[in-house]
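Structures given as structure tokens follow.
Both of the next two complexes hold chain A, though its partner changes from chain B to chain C.
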Partner chain A sequence: MTMNVTQCLLQSGDAPREISDYQVGVPRWCNGCGDNAILTAMQRLCRDNDLAPERTVFVSGIGCSSRLPHYMNTYGFHGLHGRSLPIAEGVKMSRPDLKVFVSTGDGDCLSIGAAHWIHALRYNMDLTVLLHDNRIYGLTKKQASPTSPIGTKSNTTPKGSYLAALNPLSVTLGVANVSFVAQVVDWIPELLYEVIAAGYRHKGLSFIRIIQRCPEFMPGLFDPWMQDPQRTLLLRHPNGVVPSAELSRTYRNQVDHDPRDIDAARRIASSEDPIPVGVLYWDPDVPCYEDTRHAGALRRPEDVRRGLEAELDKFTIRPEAHG
Partner chain B sequence: MTMQVARDAGPAPAMTKTVTRLDEHIVEIISDSGEGAQRCGQAFAGIAARSGNGIWTVEIIPAEIQPPARSVAGASGNRIRLASKPVANGGDDVDLVVAFNEQVLIGRVLAGELRAGATILLEDMWRAHRDPSIAASYATTVDDLRARGFRVLEIPMETECRKLVPDPRRGKNMFVLGVLCSIYSFGLDVAREQVALTFGKKDPKVIATNVKLLEAGFEWAEAKCDFKYEIPTMAVAESQVVMTGNAALALGVLASGMEICAMYPITPATSASHYLSEIFERVGGIVHQAEDEIAACTFAIGASYAGKCAVTITSGPGFSLKQEAIGLAVMAEIPLVVVNVQRGGPSTGQPTKPEQGDLLAALFGTHGDAPKVVIATSGIEDCFYTMITARKIAETFNTVVIVLSDASLATAQQPFPRPVFSEEWLAPPVDQSAVAPGAKPYDWDATTGVFRRFIPGQPGGMHTVTGLAHDRDSHVAYDHESNEEGLRFRSLKIAALQRTLRCPAVHGEETGDLLVLGWGSTKGAIEEAVDRLRAEGRRVSSLHLRFIQPMPSGIGEIIKGFSRVMTVESNWSDPTDHPLIDADNRRYSALAMLLRSRYLVDVDCWTDVSGRPIKPASVAEALRRKLGEAPR
Partner chain C sequence: MEEQIFFHRTGARTGTALGPVAGLRPALFAHFDDLAKLRYDYPLVLLAADGGEPAIRPLSGIVDELLHEIAAQGIAGERLRRNVLRIERTIRTRLASGERGTLGQLWSIASDELEPLGGEPFAQDASQARGALRRDGVLLGCDADVASRFSTHVWRAVQERKAGAMRRTIDTLALRLADLVRADFLRSGAGRHAATLRAGVGTRHQDDFDFALMATLLSAPSGGSALSESRRRRIEATVGALQAQRFFEAEVPFVFAFDRVEDALAAYRDRLRPMADLVRAIAVAELELRGAYDEAKHDEYFAQLDGRGLAPEDRALFPDYLVRLGPGATGADGRARIIEGLTTEAPLKILFVTDDVFGRGAQLATTAMGLGEAFVLQSSAAWLYRAADRVRAAFEFRGPALISVFVPARGTDAALPSYLVAAAATESRAFPTFSYDPSAGADWAHRFALGDDPQPERTWPEHDLAYADPAMQRVGARVAFTLADLALCDTRQSDDLARIANGSGTEHLRPVAAWLEAPPDGTVPFVYAVDADAALHRVIVDLPLAQRTRRCAEAWRRLRELDELKRERIAAAAPASAPSLVPVAVAAASEAAPAAGEATPDAPASDEPYIETPRCTTCNECTGVNPRMFAYNENKQAFIKDPSAGTFKDLVDAAESCQVAIIHPGKPRDLNEPGLEDLLKRAEAFR
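Up next is the complex of A and B:
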């Protein structure tokens, strides 16, 4: 008699978790806000991977995006503006056994936290980083962000923003030790999930830029792309994401792109229109900083005592009186 | 050739020497940067300590890595105070100085560091230098120094060392060490051992060469110097260690059971992290050099949140950058130890010089009401044990503990009893047990404000910590009851800790004409000054504070026993003799300000921001002046 995996799990006494096991509170985001889609994808990801809620930590900074941990029934750390990455790195270094996700926004990650963004890529710790990029500051009520398109009228740029938008993908792809870069949009739920899932599977820092609607302050910004599927370019590859047949019926503009090819990734990254969606870059062989530093090594009082005594020996000036 | 040299050195001719017995002496060894005077000074201090003298060393550091050679501001080296009893500060004026060139010496003379008639041992190679201006400068300086009453001995360091090594620039320092060992009557065996320790990591050939240089210096002094000093040594039964304050801090981190230190390079804190980087991994610890000060602090907070308390080590400017993150740890009640090895400020200020300028920043530098614990280390030994205490308090009270040291403790060395390890120093294992149903992440105890935090991995404890105002469930809460409750309990924890503190002992009598209060590195100098005045029959006592927030009970009562009260600190206070300064606008030093507000007493202050470790003689003078004023 054979049993399938599900039956095995059921018999072992642990009922598989449901989406509701990861839900808590009522999201306070606006109607139509892309954060809702990201939250749903994350809860599904936890369910599908049966993540133990107590061994899962969602870390965030400050901004609309960073409310996400409050709606996950896991451990969460709603930190400081710009500092989600170093907090998450500390969590991971202290406890490499925990699954750590990071939610950060375009202001949080690319502006006030820009230094941490660059260096987090270099550390390449095993974190799944979601850049909720709605191209505007929402929580502080509409100021231009680093990814606001030039000419964006906002409360700090009433005549239109002055500077060209920063491209987070090309910057990311220029940093040493980058190991996973993807882009997706909030309005294609299936792809959103698949891309995040690919990032989750990657051991190392997965940087996922999620282009996200802000119906309150950037209404209609992405309408042209939503109305014309041809303006979305699906990156297709077994090393990345392979769109389903159903999805391919709508999104026919597809290209084979092996995410192991960083030069091709850099070319694709610079495209604003069509919006490339999928895994741009993947290198599974970049070492993780927590492994290099031997995080989580078992440590006993005896080790500390021995280490301390060995050092004290070096400073002891009257050894004859010792012991 | 070698034989000839050996014959030249010859057996030392018998010489009549005057041997002077001393209670103590202050020696300085100074050179251009990179000539090894610091290493020589450290080794000399080690030999003195091993032989049983009390010692205190002060590093003399130029501000630049490679200042121009032979420059007045470029002196690099060490001051060693050696005494027949334990000493806890660098003392007053220098009795004997060894200088590798006359320019670095001029710097010390102009700074008033030498006592009248001090002995100077000076490298004589410059007298015959091929550059006539250098030769002239040397000759003029020597004449001038002799005219000023200094005893100048010219030593052919270069010439003597060249007999043994091709490049005397590397090696002169060990020759000098030998000369000093002879002058101060230290045995060659102890000195050889010290040299072996100093070059322990290097090739045995390097050790052998340096021992030869040491012996050559010793023999030269035996033959050519007509004086010797003897400072009686102490018989100490217990095992002693000698190290710098920063080394003690690093070892304290290790001994406290903390496992993660996140830092960003900054003077003068960095040497603690250097040493910790060298030793921490061997016991499973990690030093993370973050991309900036903010990242270092938030990394430590993340590490603490998910496991054992972590530490971040910095100096003034870095401390300012961490303040927002410190506020987060206070608000979310995550244990954190922040070490601030203070330096001269504000801004980049005087990176290598000591100052106690960050006390108020430690207490009040964070926005909003952010109660935290502030402990000041007052000596080398204290640097070690304070880290253990800090970790324990941070975890017990889920609070931020700020440890204040400063540049003078960072590099000073002093012997203290070798610590005996106790498992109680270590943090308990991270709690991973299931949380009781219905328990809340912030179950503040109504009396103490203390609660047991839930750590990731604990089933049933899931919640999101936040820097936003929150209720007991850690839910964002903007209602005034929740906000006030949080403020009350975070403050209450400090009072709960305060109830466990003991008042420090008064140094001197419990009553008198003047009480001097101090904190941090000035302890040794203050107590020595108080002792000198008491020996003159003055009724002066001192009280040194280790816990500054919270302050232990009993200080107010002690103050009542004295007719005058003042602080002695190494930070700014307005002088009272300036025409613009009066009682309404005088800016008081940090501790004086705190004591005035808490005890409603007219606490005066005397402060020294010279950028040098505070000297007992200056303190004594300030106390005498204060005693001359009317009582309060």
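Up next is the complex of A and C:
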């Protein structure tokens, strides 16, 4: 809203929104699936920031993760495999006033969508990207993904996978224009929420890798980390996330890490055990593509007509030129 | 010696031992003859604002960047570098002699002038450099109108950015409202008339369709509700109001730059109603586009909305009023008007130029800081570029602002370059650079900041002065640059100074800075000066000027005190910086007693079942086991809603299926539950 007046008039008499206002349908994920925790965190974020459902968009590709827009009572776009980011960029380019979130999985983003992932980081548009990383293709009943640990037995790798897992954080931190990189685990709801909220506050592309359990196809994969709090390394900093006193009582393994320091971020990113959790990198000064390219330009009817005619002229055979 | 004391006390020159100071300048100026040879801040280039880059750059900076880009490293690029620097120096000389124009124009003039001397190689270098010079703008020397042109340039850049954004908003709203009306027309009877349908199809295919039949088919209602008459009228009136605005990139725009405070205030008051009309139109448009306009609720409100009811946030979207005041405004009347202008709600940006730092009005900025709510910036013309970001902040500040600039007057500066006099005013503490920004925080520590004044830790900046004594021996002295030294630059202060004739006694003289510090002891304060032949003289300062110098030092100390306040506060607030990746001692913190209010209970002591709710990941396992016993709270995390709504077996099943193992079944309620012994064994794991 441009005018404070409008804001006041719209707010008067409106009851604050609740989580149920953002809820729709019954999630079709398996019981115990980490996607549920991510969905809840997103709904809380929408409620706490009072996001208008009609001005909020969830975009996804294909996979278990990508069902998330179905359960958000906002606008949504369930796209093609690997193509969540280009779609989200298009939405943002055309309507920079909308809040755009992206849910993508380890297969969707890191395999078939890898090129889009790298270039979306370079474009640095104001998107909050959640990488639901359960290290397996779950929707299609267990095939190895780029982040499956070496030796993972699956339908496509019955003798165990041969390749070392890709580290999405290290790759992300090596791309030009990267502006926000965080990692969190689905089983610590407080941090999950706080890290996503920090990403949402950042203007630019926030890349948040969420390490997520798949109880159906990778049961017990993260049990050692869930059972031993010392194997989770909390990154604390006023520029990132500061865990609450209560959480610190359980998770005592913490370091001060200023997310402005990319070298430290890269060092931390390569650690798999303990799992680093928090904001690894943050640079608020990287320009957003939609700002540098003046997105959301006004299209008057005459502009639309001129553009269409210019396009159609490319295919027109002009009688005077040929006759 | 008596003559010296007599002059100091009375300001009257008697006898032959004292002479006038005409033709003298401060001794520290001995090295600065021709500024055109030096590469300093000026001339500045007023670049058209594009892409948010700094809109004002020094010529020397632009040339350095250019050379960095086109000239090869080392000896290979040396000729090009020399030639381009010669062009730069010629441009500087031309400007100093009164020429005006853009960088491009003066570049051409300078290279034409130099070409006959440099021949073909020069012409080649000049054209290569000219080709690489992509940005252009008007050149600005440190002249009498420097403050006005500098500020106007920054003001305009800020206003254009603001107006551009608002104009886009207004156009978007008007377009989308027009779309509403058009969509409604297409649904209406007239919109579905055969002739309208026909006009909607390209001429080539008009004969291929039966539009009358099409109109009959479409005449059946589509179910969409048409705009009510009152809504249509409101939308049309709103589009009209949006298009009639004169504030933002309008065809007949309002004027926002003035030369008198009262004119700007009158204009602001006259425009309150058009402002309210535009705010109303934008608000109505935004409500209409969301379908949220409620006639019962909003009609009355908008009918009452006038200039007085505008919120500060809404006012801030409108253009600011620039008022440029020349040295003539320093009278008591003029000062009163400025203060009045700064205390109204009108966003006046007052540029106040003074040419006399010794005058009564010069310290207006210090007074204006006391108003509390106006942005205040003081800077001499020489420091303007260094304070450019502050100038910008003053124009971006939401509310009134005073920019007080010292620009030396022509004819009063003993033929010194005005840049030098302006810099001396900053150096002598007569006109320090400082800013007061009410939006920077709630207290003086955050709001007040000194600019980068020279040697801020001292009362007066000190410099080395080396000269030859009558025996032609080198003598070095450490001298302070004070207000009394500055007085040598201003012929209006000549009566307060007297040159000591060569050969007079100097034993009772004391440098003015030291004289001010020492108790009265019969000595007379003096400053060093040089004449046109660079001969050193001592100049006596009379008592009134010495007193003003003392007051100047006190005023400077007060400013410094405010600045120190900031440093102390910030030092106190900043946490000790920890090196990266040092483990945090959270253990100690966790053992300390939790603060009141944030205490969270550990496991309840009773035998009741419980869930560590904050750790719940909303996986639906427990609610799947028994939805009456387990429920979600307002954050969608599970808790035990009713422990009696299920069996102990439900609790144990849920605890076992919980992925994060946060369900604790407690003790069974029903001791006759079948299989209890086995259940208790399984529950052991979740105690």
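Basically, the second predicted complex is superposed on the first by the 286 of 323 C-alpha atoms of A that agree within 3 Å, B and C clash if a C-alpha of one lies under 4 Å from a C-alpha of the other, contacts with A are read in each partner's own complex, and residues count from 1 in each chain.
Keep in mind that, in the parts below, contacts are C-beta pairs under 8 Å (C-beta built on N, C-alpha and C of every residue); 3 or more make two chains touch, one makes a residue touch a chain.
As the structure is a prediction and not an experimental result, all values here were calculated from the model.
**Student:** Which partner, chain B or chain C, is in contact with more residues of chain A?
**Tutor:** B
**Student:** Touching A:D228 in the superposition: chain B (first), chain C (second), both, neither?
**Tutor:** neither
**Student:** Quick one: classify A:D50 as touching chain B (first), chain C (second), both or neither.
**Tutor:** So A:D50 meets neither chain B nor chain C here.
**Student:** So in the superposed three-chain picture, is A:D273 touching just chain B, just chain C, both, or none of them (first/second/both/neither)?
**Tutor:** neither
**Student:** Look at A:L298 in the shared chain and tell me whether it touches chain B only, chain C only, both, or neither; answer first, second, both or neither.
**Tutor:** In the superposed model, A:L298 contacts both chain B and chain C.
**Student:** Taking the superposition as given, does A:A245 touch the first partner, chain B, the second, chain C, both, or neither?
**Tutor:** The answer is second: A:A245 touches chain C but not chain B.
**Student:** Identify the residues of chain A that lie in both the chain B contact region and the chain C contact region.
**Tutor:** Of chain A, residues 298 contact chain B in one complex and chain C in the other.
**Student:** Could you list, by residue number, the parts of chain A that touch chain C in their complex?
**Tutor:** Touching chain C: residues 1-6, 8-10, 18-19, 27, 31-34, 36-37, 39-40, 43-44, 186-190, 213, 215, 226, 236, 245-246, 248-249, 252-258, 261, 264, 267-268, 292, 298, 300 of chain A.
**Student:** Report the residues of chain B in contact with chain A in the complex, numbered from low to high.
**Tutor:** Residues in contact with chain A: 46, 49-50, 197, 236-243, 247, 251, 254-255, 257, 259-260, 262, 279, 281-286, 288, 290-292, 294-296, 298-308, 310, 324-325, 328, 415, 418-419, 421, 423, 426, 454, 456-468, 475-476.
**Student:** What residues of chain A sit close enough to touch chain B in their complex?
**Tutor:** Touching chain B from chain A are residues 24-25, 52-55, 57-59, 69-70, 72-80, 83, 85-95, 97-98, 115-116, 118-119, 293-295, 297-299, 301, 303-312, 314-319, 321-323.
**Student:** List the residues on chain C that touch chain A in their complex, please.
**Tutor:** 51, 166, 168-169, 171-172, 175, 279-280, 282-283, 286-287, 290, 292, 297-298, 301, 305, 310-311, 313-314, 317, 578, 580-584, 586-587, 589-590, 594-595, 598, 600, 614-621, 624, 634-637, 657, 659-661
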